[in-house]
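First chain written, first letter: the chains are A, B and C, and each begins at residue 1.
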Amino acid sequence: MVETASEAIASAEQATALLAIHNLHVQTAEREILKGIHLTIRPGEIHAIMGPNGSGKSTLAHVLAGNPGFTVTVGSVFFNGNDLLAMAIEERARAGLFVAFQYPPEIPGVNNMQYLRTAVNTVRKSRGQSELSAAEFLSRVRTILKELGMPEEMVRRSLNEGFSGGEKKKNEILQMAMLEPRLMVLDEIDSGLDVDALELVARCALRVFEDKRSERSLVVITHYSRILRYIKPQYVHVLADGKIVESGGIAVAERIEEKGYG
Amino acid sequence: MAETPAVQEATLELHRIPNGAMSKESKLLVLKDNPHFVLPESTQTTETVAFQVSGKNCAFIVLPETAAKQAWHLKAGCELDCFFLARGFTATTEVHFTLEPQSRLRVFSLLEDCNLNWQAKAELAGEAAAFFYGLTRTAGNAQTKIALVVKHSGCGGTSEQRFFSCASENSAIEFIGRIVVEAGATGTKAHQLHRGLLLSPGARIAAEPILNIFHDDVRCTHGATIGFIDEMALHYLMARGIARAKAEAMLVAAFAGQFAALLPDEAKTFYGFESSDH
Amino acid sequence: MVDATVAELGGGYKYGFVTDIESETLPAGLTEETIRKISALKDEPEFLLEWRLRAFRAWQQMKEPHWAEVTYPPIDYQSISYFSRPKKKLKSLEEADPKLLETFNRLGIPLTEQKFLANVEGAEVNSRPLTPVAVDAVFDSVSVVTTYRETLAKLGIIFCSFSEAVREHPELVREYLGSVVPIRDNFFSALNSAVFSDGSFVYVPPGVRCPMELSTYFRINSANTGQFERTLIIADKGSYVSYLEGCTAPQRDENQLHAAVVELIALEGAHIKYSTVQNWYPGDAEGRGGIYNFVTKRGLCKGAYSRISWTQVETGSAITWKYPSCILKGDHSRGEFYSVAFTGNYQQADTGTKMIHLGRNTRSTIISKGISAGHGRNTYRGLVRIAQSAENARNYTRCDSLILGDRAAAHTYPVIDAKNPRAQVEHEATTSKVSDTQLYFLRQRGLSEEDAVHLVVNGFCKEVFRELPMEFAVEAQKLLEISLEDANG
């Protein structure tokens, strides 16, 4: 009874892990994209998920976030012991899951700062924390802006409207830092960033992780290994055609950098 | 002056239209893979001429004095380019296109100095695509009216309208372009653009870009501008030593060039534009 | 996705209560006698009665227009009462029927001179200072009180009810009444000219910048009563005034007619800013009841360098049919129109503007945002006309529609008519829905679906809201949120 044994392991993992993915199959209207993913992430860990285009990396991020465009046909995902797949998108966010989007949408007319304050206070309230005062909020935002090398003018503009690719990515990390999540999933955060911006973004993400290392985990989804120079993962998983085909340490990423996915 | 391409033999059959959509005397022409179809003399009638199109076709239509009413039906998977040309005519033309899913229609029209009422309607069922491109030029006392309706009645259709109007002396151009998206036409993309260029104080251009949208999951845009020759561009050319009149002429030609740029090469000579082959 | 959110909450129309107050109401019906009675009740000078009668005769020959993209059963003009006012006549506010005061209290309208609307929220707006607002409160057919009159009088500003203006400043009324909206302009303006009961009158003398917002608050209370107010604002040379109007009505199953006329006149260098937050009872979720809001609003930029700005947030009424317009006669004059129109449930709105460019170097800007939800029908109808004399005229128009739910509809009928080769007219329009990606993104940051929809819709309306005076901007935003929640019954 292989199934029972693996389910027994799965339930044991659910108890201790921050994220426990078991035999996850996912499809869109057209085709199956993820074909049985198993992954366990514990607090304090950094994981990298690598793979060529079309391997399903971004799909994994979308499924964790709850994107309605994807259907889970088989499998389970537990987040901090709770059934993630049964939770609404915003419940997942409030429970501490943050997914930095590969392509954050532009939302015209919505002031970035006001939006961020609404999001932060909504999430804090749901966690039983007090709302941040305007002064406290502003001072935190300013600290992070500085850390990311973002001009303050960026938060006075409409959300992502007219932002360059790099500015959008920095804005994602700003939101992440303010929302204080437990599991941070960075979906191709390195695409569209120059070397300097990449370093700032990576250092900020790492700082947020280190702030509460005992509670937080970081998942870096990437095609290239250059971001892993700044964020050193303990675990590297290689995704190909909807399955994890290899898991190992940083050496896996080093080999990919040298030889490609071949 | 335009060179008319040689008439190519079309599979020409005369039919009665069974559903009574047109009068009993209507003619039905079946077009299949005609790269150079020119409307035959026999179709110069006040009756409706119906076309049924499959395969890939190009139709060159020089509007006659008494312009035919035309009904075009595009079968699934077919492609049709229609090139309308009218110079100095007084008439009313009605052209009606119906598109089956997966068909693709492009309609080009060059209307010059016409007292013309050009009415066109396209109905798209499902994932069909219709593109209308037009250049209208008037001078003297000519009055040209264009009324175009593009109706999306199925999911996933695409349509575009781009019209350029240029009126001088005491002439007038009126452009009424309507996009209708019926309930349930999910994923429709429709775009409409009208640019007007007024060249003299007695001229008039009116544009009515109308949207009637009965569904939420659509993306429709329209834009319309009316103005004079770009003063900045004019001054720039004059600063390079070009006389005002010449500079103006160049910019008017450039305005028309926006239409010419949309034309496939084989139609450029038909309309009298320089072919890009030269 | 949006549908579910919109349907979830049912806030209800907050202002649907009826005040039980003793009124004297003319019996239903409209004859020459009715008009003589209204004029007599108001003790009007002869010229005005004559004017009304001329209008009535014109109206009798006119036909109700039906070109708008709205449908409603025929209106029986003989079943409407054309005049209703609280019985007790007021000498001062202290004498007012407490029920009347209570009514305006419940509506949040201060009839005493005090700090206005202290409950302002929102980080962004906090930086703008609160200014006092002078209020003219109109209850059914009459103005019940006008505040801050003495303060304004010191600057020579006249702010009073229309009836009072007729008594105190007949020369101004005579000169300007009907000068922008002639009696025969349209069916409803003719009707209004015949039977109008009250409204506001503003005159700002040359060079005076009105230090506070002037505001009229309209309340329909009585059943089977039409409201026909008349507003006339004259800004003399180099003056500035910002005027606001708000309106509510009780929840009733029958439709009620509101046919107002507003005329603005801006002389040389004057600027009039006219803002409306229209919240008449919209009818219930099945489309029963609600106000027919058939209004004619027009401004004349008479002098050079004058400017008229219309800003409207239309969330109420069963049917809205109005086109606040500008006639840009003075050289270098400017006309502006900023509009948010929301239609939910079975509401219908056919609204827009006309910008008539006559003078040289005239400029106009049109920003229209239409939102349809439920079975709502929203139409933008606009006309930009550049006359041959309007050398160098410029217009920019942007009209966007947002459709929430698959039973709503949006229409756009802009007409551009240019006769001057030195003119420049630009028009842009889009129709779209709240994108799933935007909602997904916002929910991933912890916002609920409703909050995400509100945020996107508010963002959509931002360009218009920022044109409103601060207090109104906050009110408009809240109103829109409530309307969104109620939109699907």
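The working rule: a contact is a pair of C-beta atoms (placed from the backbone, for glycine too) under 8 Å apart; a residue touches a chain by one contact, two chains touch by 3 or more.
None of the values given here were measured: they were computed from a predicted structure.
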| item | value |
| --- | --- |
| Chain ID, smallest distance between chain and overall C-alpha centroids | C |
| Maximum inter-chain contact count - chain pair | B-C |
| Rounded Å distance, chain A centre to chain C centre (Cα mean) | 48 |
| Rounded Å distance between chain B and chain C, as computed from the means of their C-alpha atoms | 42 |
| Between chain A and chain B, centroid-to-centroid distance (C-alpha), Å | 50 |
| Contact footprint of chain B on chain C as seen in their complex | 2, 386, 388, 401, 403-433 |
| Chain B - residues contacting chain C, complex | 183-184, 196, 198-228 |
| Chain A partner contacts - residues on chain C that touch it in the complex | 1, 122-124, 435-438, 440-449, 451, 455-456, 458-463 |
| Residue ranges of chain A in contact with chain C within the complex | 65-69, 88-90, 92-94, 98-99, 101, 104-105, 107-111, 113-115, 117-119, 122-123, 126, 134, 158-159, 175, 179 |
